[in-house]
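In structure tokens below, several structures.
Same chain, two partners: subunit A is paired with subunit B first, then with subunit C.
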Partner chain A sequence: MNGSLRQSMAWLHTWSGLLFGWVLFAMFLTGTASYFRPEITRWMEPETGQPANYETAITGAVAFLQQKAPNAASWNITLPDERQSVVRVAWRPEAKPGEPPRQRGGRGGRGRGMDATLDAATGQPVQPRETRGGEFFYRFHFQLHYVPVLYGRWLAGAFAMFMLVAIVSGVITHKRIFKDFFTFRPSKAAQRSWLDAHNVTAVLALPFHAMITYTGLVTLMNMYMPWPVMANYQDSQAYFDTLFPAGDEVKRSGVAAAMTPLPAVLEHASQTWSGGRPWIVTVNKPGDANSTIEVSRHSGDKLSYRNGSLTYSGVTGELLSKSPEPGAASTTGSVMYGLHMGRFAEPLLRWIYFLCSLAGCAMVATGLVLWTVKRRQQLPDPARPHLGFRLVEKLNIGTIAGVPAGMAAMLWANRLLPLGMANRSQWEIHAMFITWLAMILYACFRPAKQAWTETLAAAALMVALLPLVSAATTQRSLLSAAQQGDWAMVAFDLTLFALGGLIGFCAWKAARYAPRVSAKRVRLTEEAA
Partner chain B sequence: MIGLSVLLLAFSGFTALCAAMTKHQLDLLGRRLSSRTSLQLRWGGGACLVAAFALAIADRGAAFGSVYWTGAIMIAALALTLLIPYRPQWARPAGLVGAGSAAMLLCAHIVLAWSGR
Partner chain C sequence: MEPKSRPAKRKGRKGAPRLEVAVRATLAGPGGYAGASLAAALIARILPGPLAEATMTAMLASFAIYAGLVVWSFADPRLSRVLLGFGLGGAALGGALWFSLQMEPRL
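Presenting the complex of A and B:
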């Protein structure tokens, strides 16, 4: 770590990339999958139907809640958009006398038996198989697993900070960033080709990589850098109350009153928002004369992720208040959050997000491989590399093949595990990590080239066979989805084939790999002999 | 439709910018170009990218448009860079076809919007 700025940055880039690369690869790949989180959830819950619009969904949700929890303190309804096929409802019972009033935030009744999943079109409860769905990949990529959530977020945040260091140091050290802009030469010597691949996947999608890393850190900035809040507010609760004013607690009047029809309220909200979409509906004190209905705007309507809410009277349906306009700093943070989540992206842009994110995974993977390719040439005895080299090589193989295989394994488990099994959703997740670990162990027992070929081939098969497993074990298959016009699920299965093909292509290249030995290397070997 | 035009224009723009670099001229075009032609290609390529930006903004608004354009140019550049080592001879026709298709799509969109009025 001495010499010119470029050399220092090269050292920093190498080490921040290498030490954190394996976990970063897993975070990147699960994050990539998260752009299709609702589709993955739908695939993993084949018992649910097709997406329906929110007008249909709200009627069913209200009917269910009126029958199930007519005297609740509040109802919470998460409406579907065109990508989800379920309405998720939750209710909070009235606080008993002596209990503290309800806290801001929290998950309402969710997770404590006071929630339900309803079919969006019919409003009937659905009982999908117990699974975390796409939610797992999303949560993993910023809070990991097998560690308490808070520690997981700290760890993931630390990894993301080193990702940012790697990006900035990489740009500084890349002297020929414009000259080599379009340069990709796969048929040159190994180190040159891998470096080209790393440069290309990194530089051409650099706006995405820089954005995703920085905005990812910003979404959890209050955790990673709490000092501004600590310096300016009594406590973090005061800060959140300032940022997201709650409004006064609705007090029960004791006078019963019929609820105004919700579809009309949602229609009014949509018009007030010039065609915007409602997302979460909270009914406070349903059935009471004082009840209110708070309608939050869909986070994909604008770049900003937080788009405010409107509060209506629960009895007359008249608009009572709007949430206050956020200030410039708050909006900036919300826009960064929104850019990261990409919820505003329509299908074409969503695929662009997905492809750029895959390029990011390729960037990390090519970087990891590049390290071993370069060091292999410098080994005094290539047949007996030192421990550090062997460790990196095994982890590379085990991770680059193992994480996609693991994600596929989770989907296999989703189809194959018995429906009534205890802790079923946890075991789907265990399947992912067991597979990843197994791939690393397999790589330890095979020579490098065979390990690459075999693990990549296994991963390719695991991904590509998923549509067939699905067809064999459920009602949902590629053909049945096409017949029903469920194009999202058709595209899902086709994408699995394509991704399996891509990994298979990598396995094929690994099998054919015959490294060009440079003339210098031949001379050195001859001198040593 | 406009989204596709933006993508195709971005691809053509990058193809022109790439062909303006002496490093890639032999692969793409089979011959070296004069520095004047290279300069014209550089301006032309830049103009395509700017036009793509204007189109994206006009269609989707400033916020969504600039995000979409940024995404489109990344994908276009990646597509071109993967094309060059494997099928360099396709790059020039692809660039021309790209620009032509973008123009046709734009005209189709204008005609449809006009007749729908």
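Presenting the complex of A and C:
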């Protein structure tokens, strides 16, 4: 555009990164947290027990459903894996005469009062405190909040495109991308150091950042890019039926028949999958002679997120059919989805995902700070910056400290809000945004350096004190978790301490920040005087 | 130092007129989406093999096409070339798509 390719790409990189950098930071941080979504949910529902295996869970779930909804049109059972301690069940009543028999997709009764959460070990309903749990961070990062879900997804998709363009333009503009990989000069002039920090966090995990951005767009591509479907099909339902074959509607025979024991069915499924895990079990027309049991495979068993299903007779337990093998393109799409979700990742790899994702947050944060550091040196009067600069600086402080503080605030609210409060889960969420907004407002009323130090220190305290708040207000504490062998919750509290320490370290550095002014700036100042 | 005389047009940093930036951004953002959508629709129709697979492949590739169009909108030093590219390219893709739909209607 203006000047060389590298210059125009630098311009594009700056603006595509800056315009929505603050929302992207929030999306990245909540997405980072989502790699531990079940652990966050368990922490926020201290009334639930420890993870149990699916063999135990299925018995309790079936007993509950048989007692609660014996004549339902279908049962839906989401089995726990080794990270979850609850079974989520739902049931769909028989369609009334005149109503369409079965709708594809939908939530099978969930959210309409026809669902329940059971303890995985005992099969008894649990009544955890009303909370969205880790689900909220996960949903926020791709559909935001306070806007209708569709608009939120469109906005998130648009922001993700800005991110993708920022990544591509960043790579093009980066001169010595391999050599600079190993370069970090903290004692150089400020702009150089912040640039190095931005480069390290961006380049070190560049494959991750590129992958996560592209696969994120792919997961919602039916919404963002429906045109190929519309170009090939008059009715998009035909396309989805090809990808996700429904199987014929199971017709009720009217003859009652005892249901085959499900543990044996799950065992057979697991063996058919060479040791794979069952995930969602759907029983069609339970108690009828025609009933079927559809067992879908855990999305974390392979890189691909969708791993097919097996359909069994509900009466005899014999295998009736397998879902068809998907084609190459479908598998590619499923693998992209799986890469983004990271459900396949074993604990070590999951932590690597988490660290790479944190590096992504640091990339966005250092980029935002770099913009102000660079522009500050070019201000004609550093004591009176122009409006755009002030806006960026305040938003930087308020967001980089405010989003972690807000996420911590939600967990504080989870422990402190009265259990019987109306709209309790919504108020936990409000706590996050109120805190974020408060940090932005605080940054508007303090000089920049003090604002950085104070907001980061506040965020650090809010995160690090959480384990203590938890111990003081619930039965669950670091010590009690260790005694019960609940190592996930032990690790959770320790991670909170570590993250609080990390933010505290940033606050301490901010307090001591005395950037070396470049020789060029000194010269300009002297010339102007 | 004497202040430089200001040119009549408002210039951004390094001299690109704001109008040019606005034109490029409009081509890149909405134009890039339109271009990627047209290209993806055409790819879905042209690729051999099962229909659902071709459709999926086109959707998977579309975001890379979009990003490429955005980068090109700002990378090409000649704005006239970008305008021409979007105009002619859009017309060509649209025409090819229309023609393809005439030859073989949708499923």
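Just so it is clear, the second predicted complex is superposed on the first by the 528 of 529 C-alpha atoms of A that agree within 3 Å, B and C clash if a C-alpha of one lies under 4 Å from a C-alpha of the other, contacts with A are read in each partner's own complex, and residues count from 1 in each chain.
Please note the rule applied: a contact is a pair of C-beta atoms (placed from the backbone, for glycine too) under 8 Å apart; a residue touches a chain by one contact, two chains touch by 3 or more.
As the structure is a prediction and not an experimental result, all values here were calculated from the model.
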{"item": "Room on subunit A for both subunit B and subunit C (clash or fit)", "value": "fit"}
{"item": "In the superposition, subunit B vs subunit C on subunit A residues touched", "value": "C"}
{"item": "Which superposed partner A:L502 touches (first subunit B, second subunit C, both, neither)", "value": "neither"}
{"item": "Touching partner for A:A438 - first (subunit B), second (subunit C), both, neither", "value": "neither"}
{"item": "Partner chain in contact with A:L155 - subunit B first, subunit C second, else both or neither", "value": "neither"}
{"item": "Touched partner set for A:V126, first subunit B, second subunit C, both or neither", "value": "neither"}
{"item": "Subunit B versus subunit C as contact partner of A:A289, first or second or both or neither", "value": "neither"}
{"item": "Vertex subunit A angle, Cα centres of subunit C and subunit B, expressed to the nearest 10 degrees", "value": "90"}
{"item": "Which superposed partner A:F344 touches (first subunit B, second subunit C, both, neither)", "value": "first"}
{"item": "Which superposed partner A:L461 touches (first subunit B, second subunit C, both, neither)", "value": "neither"}
{"item": "Contacts of A:V171 with subunit B and subunit C, given as first, second, both or neither", "value": "neither"}
{"item": "Distance in angstrom between the closest Cα atoms of subunit C and subunit B, superposition on A", "value": "20"}
{"item": "Complex contact set, residues of subunit A against subunit C", "value": "1-3, 5, 7-9, 11-12, 161, 164-165, 168-169, 172, 214, 217-218, 221-222, 224-225, 227-234, 238-239, 242-243, 327-330, 332-333, 336, 527"}
{"item": "Partner subunit A, residues of subunit B touching it in the complex", "value": "3-4, 14, 18, 21, 23-24, 63-64, 67-68, 70-72, 74-75, 77-78, 80-82, 84-85"}
{"item": "Subunit B-facing residues of subunit A, complex", "value": "179, 181-187, 200-201, 204-205, 207-208, 302-303, 339, 344, 348-349, 352-353, 355-356, 359"}
{"item": "Subunit A-facing residues of subunit C, complex", "value": "1, 14-16, 20-21, 24, 36-38, 40-45, 49-60, 62-64, 66-67, 70-71, 74-77, 97, 101, 106-107"}
